[in-house]
Amino acid sequence: MSIDPSQQAEIDALRAHSTPTRRATVPALEEMLYQAIPVLDHGFVRVIDYMGDDGAVVQAARVSYGRGTRKVSEDAGLIRYLMRHRHSTPFEMCEIKYHIKLPIFVARQWIRHRTANVNEISARYSILDREFYLPAPEQLAAQSSINRQGRGEVLDDAESARVLDLLRADAMQTYNTYVHLLNENADGTPADPDRSGLARELARMNLTLNTYTQWYWKTDLHNLLHFLSLRADSHAQYEIRVYAEAMLKTVDAWVPAVAQAFRDHRLGAVTFSAPMLAILRRMLAGETVDQAASGLSKREWTEFQATLKG
Amino acid sequence: MSIDPSQQAEIDALRAHSTPTRRATVPALEEMLYQAIPVLDHGFVRVIDYMGDDGAVVQAARVSYGRGTRKVSEDAGLIRYLMRHRHSTPFEMCEIKYHIKLPIFVARQWIRHRTANVNEISARYSILDREFYLPAPEQLAAQSSINRQGRGEVLDDAESARVLDLLRADAMQTYNTYVHLLNENADGTPADPDRSGLARELARMNLTLNTYTQWYWKTDLHNLLHFLSLRADSHAQYEIRVYAEAMLKTVDAWVPAVAQAFRDHRLGAVTFSAPMLAILRRMLAGETVDQAASGLSKREWTEFQATLKG
Amino acid sequence: MSIDPSQQAEIDALRAHSTPTRRATVPALEEMLYQAIPVLDHGFVRVIDYMGDDGAVVQAARVSYGRGTRKVSEDAGLIRYLMRHRHSTPFEMCEIKYHIKLPIFVARQWIRHRTANVNEISARYSILDREFYLPAPEQLAAQSSINRQGRGEVLDDAESARVLDLLRADAMQTYNTYVHLLNENADGTPADPDRSGLARELARMNLTLNTYTQWYWKTDLHNLLHFLSLRADSHAQYEIRVYAEAMLKTVDAWVPAVAQAFRDHRLGAVTFSAPMLAILRRMLAGETVDQAASGLSKREWTEFQATLKG
Amino acid sequence: MSIDPSQQAEIDALRAHSTPTRRATVPALEEMLYQAIPVLDHGFVRVIDYMGDDGAVVQAARVSYGRGTRKVSEDAGLIRYLMRHRHSTPFEMCEIKYHIKLPIFVARQWIRHRTANVNEISARYSILDREFYLPAPEQLAAQSSINRQGRGEVLDDAESARVLDLLRADAMQTYNTYVHLLNENADGTPADPDRSGLARELARMNLTLNTYTQWYWKTDLHNLLHFLSLRADSHAQYEIRVYAEAMLKTVDAWVPAVAQAFRDHRLGAVTFSAPMLAILRRMLAGETVDQAASGLSKREWTEFQATLKG
């Protein structure tokens, strides 16, 4: 339900068209190009354009005249080395552009990543669609009792049905008011000729934060991976994590060697502080260390133990 | 009503305290420091900290060991020269930090200015107050018929009263649902012990876009002036323009020579395209030029005429 | 002489290869792709990759599902409107990557444009080639007497020959010392086995600022145009202006509608301050205004007159 | 020798002057303010201005109306938590401005950190001083045989004396040519009235990369720490590391709680990849793992072992 038939027809028209290019091309990403990957109940992620491939990272690291590549295994080794030692500039040489449809409260979290280019539909200019995010029942959970910014136990069926009814009712109500305030037919004529209607830039203030918006979002591979390392992480809010997971799949298709290095050296990596490293060395030398003997605060000790146990 | 007594007490405590510093200090801005300047019905702008003054621009332009200043008139002349020729880096050497309370739909427009540092209260973590923006009646206007993203005629009294009733009712309704969903007393205990409540990161989605949020916003003087040139402009939406105007007053107090140069060379300045300049020269040479003879499109001609007439 | 045969062979290999893509493709830029455009005596500019075209600007401005384009004339009109009103974000949706060879003193000026991705060859890691910039005789000029950061009269033939001899001799001398200090054969063995050689990261400090370096430089179209508006300007130093001019030609090929709008509304445009605009209106109303009556400073009046006369 | 008496007099005049302020003030940093910390043979680092303190990080994290601080130990705990979990935005709320004198080849490495504001003296506009970096003998070393971008063994006395003679002679020679080409007395009159002299923007190209330049460099605390984590690291080139170490001392004075958290959680921290973490867990469970059994590449294994041994 995220794409209507006329939109799909526009997408199909783009996908049907192919031209020759001398640029680096990635067949696995071409296969996905323009197609909407559904996310949440009405959202999506679409790759609109891309620049570069695994080889472009190598080419930039070597500032080469040609492709800069040697053997596949050597290239992958160089990419792992660059990733491990946080040599970030070669990864900035690849670029990707997405079209994304997402709830406004997710967009507000997302936009805090500043190193990207963004064009969002303007509700000063356009009328937003009657589409708002309603969580799946299994996503409705109570406040976490241990994490002040997380979720705890999932609601039972009766309670989640009741919550969804409340969310749906308020979203419908505020959207109906929005439409009433605008007082516009699809052709721009007034719905009720006896009222003047309210300017779009004002009427939009009545919408709830689960209303869907859309934007074009373009960034380089280095900044994309930074975004994914924070948002595909288990501590990220579910509603943004599902977008990050969809995008990570496009990265797998686009730059497989970079994606593998990212999973090993960033997404699955852990960092130990200097005091933690000292304790680790004592433990590897056979010593048994407890919190008291560690010198760590209770909180740091708990995090340390959690990391070691996995 | 934007600041409650306990908040004002915290502000007063900060204002009562003074320490000596070797840094450049601006008495006129010190006078404003921490104090809330009211904006809209519940919002405000507060200067929290600043770095540099008019002299710091001069000092950086001259890469000097001391203050870098000469006579006041020479410094002002240099500042005007830098502003006129868009030598932007010396203006980046001053920095200012604001605490701002603003409706979410304004925050969403504001955040598009990426070259700033931002810390916003998180509704994943905290519960937002029951405060939402309701426009003053004279700000309620119909959609502009000539500008697709602007306002036209102000609504009549009866209509504006009706619109305000609708906006208020929906905001109250959605906020009440929000509180109900959270199911939390002020001390964190459940309001209704028989319900589990909904996680904050989810409940927030039911709020409307006129709900107030707050952030710390810090930027350098160059980027602040860029923000002001766009947002203190008559084409900016009223609800963000009033913030820009309040901030422009703080710039007047902080860096008066820069502020004057900005008003002359940026805020009140106009740009003519190459074709427009060619026409201007013909006109100054005595020729009468109309649109047909100008070579400009109708839209460009209209804009050109509007600029010349003022 | 900027590209040697083995480098040209690598370039030719890239140019010989073509694959189909669903992405927007620009035949005129494909024709230039990878080929080195010579600049100065040993430098060049090469387009390595690009993303988007004129249509991508329109597509982003409309946040569309398909190409977003209507009639060519409507698209060009929209692009001109966006350019004129400094709606910069749609232009950020196109991206271009160059390989550039340039003297170090030019690179130092260039790098001040921070909104770009850069990978430069490292003289910690590699040995720089024996290539340094020697100006053409007609570019050797005395210090300007009116502009503290510009050139005045061109040197006469005898003097320019003498200057070139001095520059060449010093560059040769310091490069020879550099090679001597490195003490490395091409295969990495010591040239003189009785000496230990100096680390590359130290030996490089002996090179002069006209030594050539190379980098990959990638930026979006908005920031590229900002760079070009400053560096293709007549006030820019000749040695960076020629790079900007070469790049402007690639923009003409890549996004012709954007390039035309840029030439009209940015490169050839002029800005008048608020006081200047007031005077302009008096002049158009038939009044004769001189500096005394203008209220402008002498310097501002001179600049104003220069703009009006062209 | 990095500061001459007239410059020191300007600095002393600034230091002698004190005014009251309501802003957060840090006495330990005030004590250092404006004073040059010598670095290398002619370079220095001077703190010119600062905004914020440890408390400002806490204040921003809490988006508070007052200072936002609770007990010192709670604040330090919050700062450690933010540092550990890479919540970077509160650290962006502090800002610092330095005046730095440094060799050009160091400046070229430094400027790759783009998230900072920079004003450098312009050799188009000014004449650079006869000051160039000559390493201390114990810093002259051969190319490393194991690290393609590092130093190996220190040169013996005779060889280092010879190298310094070569570096000094070339720097003197090229600087003398530079002066000759400029043909300017201190008052701007021609040194030799029969020659026209060469424009400054051209003559500068004859200088070597160890010539000293100067800039004002301003950044926020988050980006400063990122700079320091890379440049105060043992893999950084000595000539930039000594600047980073001098700056780290100013951070200790300015924001002691942040500095301690940075040393523990960033500077002394280590990151293990997902495969390394898996091996670590096997080792802690008592298993003996060697490279063959680890699944790591030789290079990754060597790095892993080096980290564990320290």
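When the chains are written out, they are named A, B, C and D in that same order, and each has its own residue count from 1.
Keep in mind that, in the parts below, a residue touches a chain if its C-beta (ideal position, glycine included) is under 8 Å from a C-beta of that chain, and two chains touch if they have at least 3 such contacts.
Owing to the predicted nature of the structure, the values given are computational and were not obtained by experimental measurement.
Visitor: Which chains are shared contacts of subunit A and subunit B?
Guide: Where subunit A and subunit B share a partner, that partner set is C, D.
Visitor: Contact counts by the stated rule: is the higher one at A-C or B-C?
Guide: Of A-C and B-C, more C-beta pairs in contact link A-C.
Visitor: Measuring from the mean C-alpha position of subunit B to the mean C-alpha position of subunit C, what distance in angstrom results?
Guide: Centre separation, subunit B to subunit C: 34 Å.
Visitor: Tell me, which residues of subunit C touch at least two other chains?
Guide: Expected reply: 89, 112, 118.
Visitor: Please give the residue numbers of subunit D that touch subunit A in the complex, ascending.
Guide: 77, 80-81, 84, 86, 89, 112, 263-265, 267-277, 280-281, 283-284, 297, 299-300, 303, 307-308, 310
Visitor: Name, in rising order, each residue of subunit A that touches subunit B in their complex.
Guide: So the residues of subunit A in touch with subunit B come to 103-105, 107-108, 111-112, 114-115, 118, 122, 124-125, 133, 135, 139-144, 148-153, 155-156, 159, 163, 166-167, 170-171, 173-174, 177, 180-182, 184, 195-202, 204-210, 237.
Visitor: Taking the touch rule as given, give the residues of subunit D at its contact with subunit B in the complex, in rising order.
Guide: Residue positions touching the partner: 3, 7, 10-11, 13-15, 17-25, 30, 33-34, 48-52, 56, 59-61, 63-67, 89-90, 92-93, 95, 97, 99, 117-121, 214-216, 218, 220.
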